[in-house]
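Chain IDs A, B, C and D follow the sequence of writing; residue 1 opens each chain.
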Amino acid sequence: MTSFRGRILAGALTLVATAALAACGSKTTDAASGTGVSADVSGDTVKVGLLNSLSGTMAISEVTVRDSIMLAVEEINAAGGVLGKKIQPVSEDGASDWPTFAEKAEKLISQDRVAAVFGCWTSASRKAVKPVFERNKALLFYPVQYEGLEQSPYIFYTGATTNQQIVPGLDYLKAQGKKSVYLVGSDYVFPRTANKIIKAYAEANGMTVLGEDYAPLGSTEFGTIVNKVRSSKADAVFNTLNGDSNVAFFKEYTSAGLTAESMPVVSVSIAEEEVKGIGTQYLTGQLTAWNYYQTTPGAANEKFVAAYKAKYGAEKPTSDPMEAAYVAVHLWKAMVEKAGSFDVEQVRAAAGGITFEAPEGTVTVDGPTQHIAKTARIGRIGADGLITEVWNSGQPITPDPYLKSYPWASGLS
Amino acid sequence: MTGERLDGLRIRDLRVTFDGFTAVDGVDLDVAPGDIRFLIGPNGAGKTTLVDAVTGLVRATGSVRFGDTELLGRDVHRIARLGVGRTFQTAAVFEELSVLQNLDIAAGAGRSWWSLARRRRRIPDEVAEALTTIGLADRPDQLAGTLAHGQKQWLEIGMLLVQNARLLLLDEPVAGMSHDERDATGALLETVSRDRTVVVIEHDMDFLRRFARTVTVLHAGRVLSEGSVAQVQADPRVQEVYLGVDSGTEA
Amino acid sequence: MTVLFGQLFTGVSIGAVLLLIALGLALTFGQMNVINMAHGEFIMAGAYTTYVLQQTITGAGWSLLVALPVAFVVAGTMGVLLEVLLIRRLYARPLDTLLVTWGVSLILQQLARDVFGSPNVQTRAPDLLTGNIALPGGLTVATNRLFILTLAVAAVVALTLALRLTPLGRRIRAVVQNRDLAAVSGIATARVDRTTFFIGSGLAGLAGVALTLLGPIGPTMGTNLIIDAFLVVVVGGIGQLKGSVIVAFALGVLQATGEYLTTLSVAKVLVFVAIVAFLQWRPQGLFTLRTRSLA
Amino acid sequence: MSTVTAPTGRTPDPAAGGRRRNLLPGAGPARAAAGFALGAALLFAVAPLALSDFRLSLLAKYLCLAMVAIGIGIAWGRGGMLTLGQGVFFGLGGYAMAMHLKLADAGPGELPDFMQLYGQLDELPWWWRPFASPWFALPATVLLPMAVAFGLGSLVFRRKVRGAYFAILSQALAMAMVILLVGQQGTTGGTNGLTDIQGFFGYALTDPVNQRMVYFVIAGTLLALLLLARQLIQSRYGELLVAVRDGEERVRFLGYDPASVKLVAYVVAAGMAGLAGALFVPAVGIISPAMIGIVPSIEFVIGVAVGGRATLLGPVLGAVAVAWAKTALSERFPGGWTYLQGLMFVLVVAFLPGGLAALVGLGRQRGDDPDRRRWWRRRRRQVPAGVGTTVPVEGAGTPEATDGAGLAGARTGVTA
């Protein structure tokens, strides 16, 4: 028996050893070895990938982004497609699970051979797919505001980076004469990074940060935090909470007798869709910092809102990430047409300087950072659930993901 | 296992309470080495609780000595390793394992981790011996769950034998057995008591008369009477609380 | 001082929420030994009931009052369905019940997503329950917290009285303490089981209504609560309500204190460590029925 | 399906053949070896030839999940401990490996990229330093989870925390672990986890050839773990473990300490999960708190339940099948996957506790065991008159009937 099992073991080991030896590929020290899969454009259609969580905790937000991408695709197809080819969308579910995002990204690139992928919401999902896109030299369009500090050659960032959302939010508070802030956020990358920036800004601009608290993701118990916020007597609260936590936070906030008048809250993760889920009775008068609202004036937005409501229902609001996703598809189309090719490297080369009359106003692709220049807008939540602009930056802000042009931020990255 | 020391059981002032209810209330009990002692008493007299206390299952105060060793305050498995084994009212064998596996496990409490990590190569001698003693030698590979009721009880006793228990505490070993099976069980008890001390909880008066050497009657958590079968039967208090009332239904 | 009192009240109100979500479990898990992971989705059902009722009843106060009994019945009915269809077959396999009801909870969540949509929905709270009561010395007490505390205490009192005084309660206790004897004594144990499950699940529905005042109303709201609720019952000890009551408030105050002194994340971990340590001391929980027959 | 518990080399008993626990007729070493060879051939020859690089890398991921499943099969199927926190051990192994690979990517003396970005650390935290050495990191992927399991296990098992209590505690552990990891953004990567891993001991993971190498390592490890599990199950210890599952108190009265018996199975399962996590990292290139929380932990269990919890191969095949179904289905019906997953839990656990393995064995075993055919009709409290259900226990109210759970499951499972 022993000898018998011994033989099995020996056999197994030999197999492993041979296989491993035969399989030895390139070393990390070799030159970059990514092969790159070229998109399949042989037919009269071109495939693009949609990578969003359609199930799981993130589905709440990401489904609306997917809807918005589909709208853009339809519009483009109705207008004749891209380089004469109709866009064929391939939708994949990231299932709110980061390895699944990586798996599906790989599938879209190598199996479906899409020309570009649109999607991802959380930073974690973007970080998970980033190596996949870099390895395969494929393109991702990421449509959500994020914490900056990233610049991948194979990702276009169509949401705001920190200097297009957080910094303008602070500028606004400063202009309003607010001298002290309290920071409340969910415990993950974006809030922690954002709050680091806020503290550096506050120090340089004579504001005090009276406290900084984080709630675990999904936490719905805010008694303690609101208690601390209230006793801090800060002039304003900067809120980077995410998802469900916002609901619990604002209900607690209102119950504690705090109002937009006594202590305004600037939120960076509450868009029109979230307002519906929290309830206007808890939110009226509170502030948000984004680049787009459903109420943003302009013909482009009127057309976008009308088309969206016609397709998905009159009660569905449009929001910043949805708009950024919609813009992403149109920007990709413009890039491809300027390059005259679907080839990723040529598209990247053509990207710089491309502008688009977006619902949020004119946006311009910044070649070096692959982010886009956009206008910052501070809005106030109304009793009707819509957000109306109370301040904007006047002109599009050049993206600066590492905040290199801000002296006070020199220690940050 | 033969040739080992024969020890007796000595219980002093044993008390067990459950949330204010006193199940065993100051019992003194001596079982001589090699005795077959029957514990009887009406339901709720504290018989099983007494065995539970001796084997460490319930917390108790007082003193329980087996040979020279105090048992109270020790963990169940430590007491078992000192040579105290028990069975339960319902046969407690491992139904998903074979007869052989059941016995092998019972025999193995002292095994090293090394021998546990390996397969059984052959049937250990004491297991083979016990298989014969309990009359299951022809079916070592049968799943214990598929044994007849009597066979399960015997298997349990067999497990005590290979476990090397020197004090056997048997809780109603012949309940539900046929007449022949009772006889066989009785004979088994006599065999094993040659080098072990045996305590039996039993309601079956007929079985008691035939196989008990000494008897203790418990009532309401106390010892009511003690002595030979004849002495106990003659005790008027026993007749009053137990035999007189219950003998008809219990026998 | 203000902060101290505020934190104490926060702790008590966290405890009240824990109690409210755990009370139904104290009945189904504590009394019947059934591990129902779909309990969180019954809470969700209660919250959605409030939402649906508000579509027809416009007054926020009235709709909330109406929602309480309706949600109790809705969640209770779901509980009975679950008991009859699945759990009844699994009384001998509690661990399997856990997995089966987990599956049920997944299905119910997805169902909620398909019916009500993935995003959270909003309900309108009566103005009375969005403010606070000022006490002398600059102290305030939030009215929604006060409402939940009252509701939790009322539910405990009602449940205790029902178990002690009504014939139904006596039957439930009889079945819990000795099922076979109860059956032999002519109690229809199957019907008692169903009733117990109805009440336990109904209490989850009540909790759901109350939670609309505090947190999000969405498909996944139940999953965040269920572990905490189970921990309360485990630490409280099964078989008696008072354990769960004491533990809910103790954990609430512990959590609030931990949150204040450290961070929310660390406080959560601290509470977990405290629970493991407590179970070292009393593995069967704070209170247990110590009888032989239950073993 | 190979044999599961057939003890070999004992007296043959043709008379009791129908009742034997020998699971397949004649399932001796020869048959096991044949099955093993077939498995090896499938994994090492057929799969690499038949599958594209993408599908092969998916298979590598599934095989990692299967390793966790083997451990759960031992702890839950054989030992009756429903561990709903296996993700913790998977995560510990994964993080240990990822920490080493991140440090190797960064180069000597350098900080991993995310620490510079989010942590603004000037130097490596002390607890990261040992992981720079593969001689520390590699053993740590297995030993670290085992140590944690040992610590927790020796606390709870000695105090007789078991059944549902243990399951809920293990679930809470997963929750606590996630919160802890997420809170330490600067040193653990927070919710992002450790991503963008480029190399695996000097080999670039971007190269498909090296991805194949990783696959072969994973497949080889899986086979080795299967051999280990088989040895464990067939040993005297394996029998003892089943005995503890079915009658913990009874085993105690035989002079064993059931706590140690359970502890071994729990620690072994943790080690397997740790190893799986460690190999998952090069295969997928990421480890994050999302993979170790409550939901992934319970997803590990569903594969085991579907395959057949008490068998050797059932958990492996179940885990691969469920993971594959998830990929395949979610490619087509995203919302539908959740329904199906829920239904699987309900249908398999409630109506087929032995898993698919029992279904395979059903035809052969029909008529042998009347109990088995009627398992679905068994009503409450009709627990097989087994151990455990009748033994009084210190402190009433212990979920004693949990032992019945093991019984009912094993009754069908063991025989397949």
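Please note the rule applied: a contact is a pair of C-beta atoms (placed from the backbone, for glycine too) under 8 Å apart; a residue touches a chain by one contact, two chains touch by 3 or more.
As the structure is a prediction and not an experimental result, all values here were calculated from the model.
Enquirer: Starting from the Cα centroid of chain C, hunt down the chain whose centroid lies farthest away.
Expert: Farthest by centroid: B.
Enquirer: Which chain is most central here if centres come from C-alpha coordinates alone?
Expert: Minimum centroid-to-centroid distance belongs to D.
Enquirer: How many angstrom lie between the CA centroids of chain B and chain C, rounded to a whole number?
Expert: It comes to 46 Å between the two C-alpha centres.
Enquirer: How many angstrom between the C-alpha centroids of chain C and chain A?
Expert: Computed value for the inter-centroid distance: 37 Å.
Enquirer: Where the centres are mean C-alpha positions, what is the separation of chain A from chain B, in Å?
Expert: 72
Enquirer: I'd like to verify one number: the distance from the centre of chain B to the centre of chain D, where each centre is the average of its C-alpha atoms, in whole angstrom.
Expert: Those two chain centres are 40 Å apart.
Enquirer: Any chance you could list the residues of chain D touching two or more other chains?
Expert: 8-9, 179, 182-183, 335, 338, 391-393, in rising order.
Enquirer: Find every residue in chain A that makes contact with two or more other chains and list them.
Expert: Expected reply: 55, 187, 214, 216.
Enquirer: Going by the contact rule at the top, pick out the chain D residues touching chain A in the complex.
Expert: Chain D residues touching chain A: 8-9, 29, 33, 36-37, 40, 44, 52-54, 57-58, 61, 105, 117-118, 120, 179, 182-183, 185, 190-193, 195-199, 202-204, 206-210, 212-213, 216-217, 219-220, 223-224, 227, 284-286, 288, 290-291, 296, 327, 330-331, 334-335, 337-338.
Enquirer: What residues on chain C touch chain D, complex-wise?
Expert: Chain C reaches chain D through residues 29, 33, 35, 86, 88-96, 98-100, 102-107, 109-110, 113-114, 179-180, 227, 230-231, 234, 237-239, 263, 265-266, 268-269, 272-273, 275-276, 279-280, 283-284, 288-295.
Enquirer: Could you please specify the touching residues of chain B with respect to chain D in the complex?
Expert: Listed in rising order, the residues of chain B that touch chain D are 48, 52, 55, 57-59, 75-77, 80-81, 85-86, 88-98, 100-102, 104-106, 108-111, 113, 115-123, 138-143, 145-146, 159, 163.
Enquirer: So in the complex, the part of chain D that touches chain B is made up of which residues?
Expert: For this pair, the touching residues of chain D are 7-11, 13, 15-16, 19-21, 231-232, 234-237, 239-240, 242-243, 246-247, 249-258, 369, 384-388, 390-394, 407, 410-411, 414.
Enquirer: Flag every residue of chain A that touches chain D in the complex, lowest number first.
Expert: Of all residues in chain A, those touching chain D are 1, 4-5, 8-9, 11-13, 15-16, 19-20, 23-30, 32-35, 54-55, 92-93, 95-100, 102-103, 106-107, 110-111, 122-124, 127-128, 130-132, 135, 149, 187-189, 192-193, 196, 214, 216-217, 411-413.
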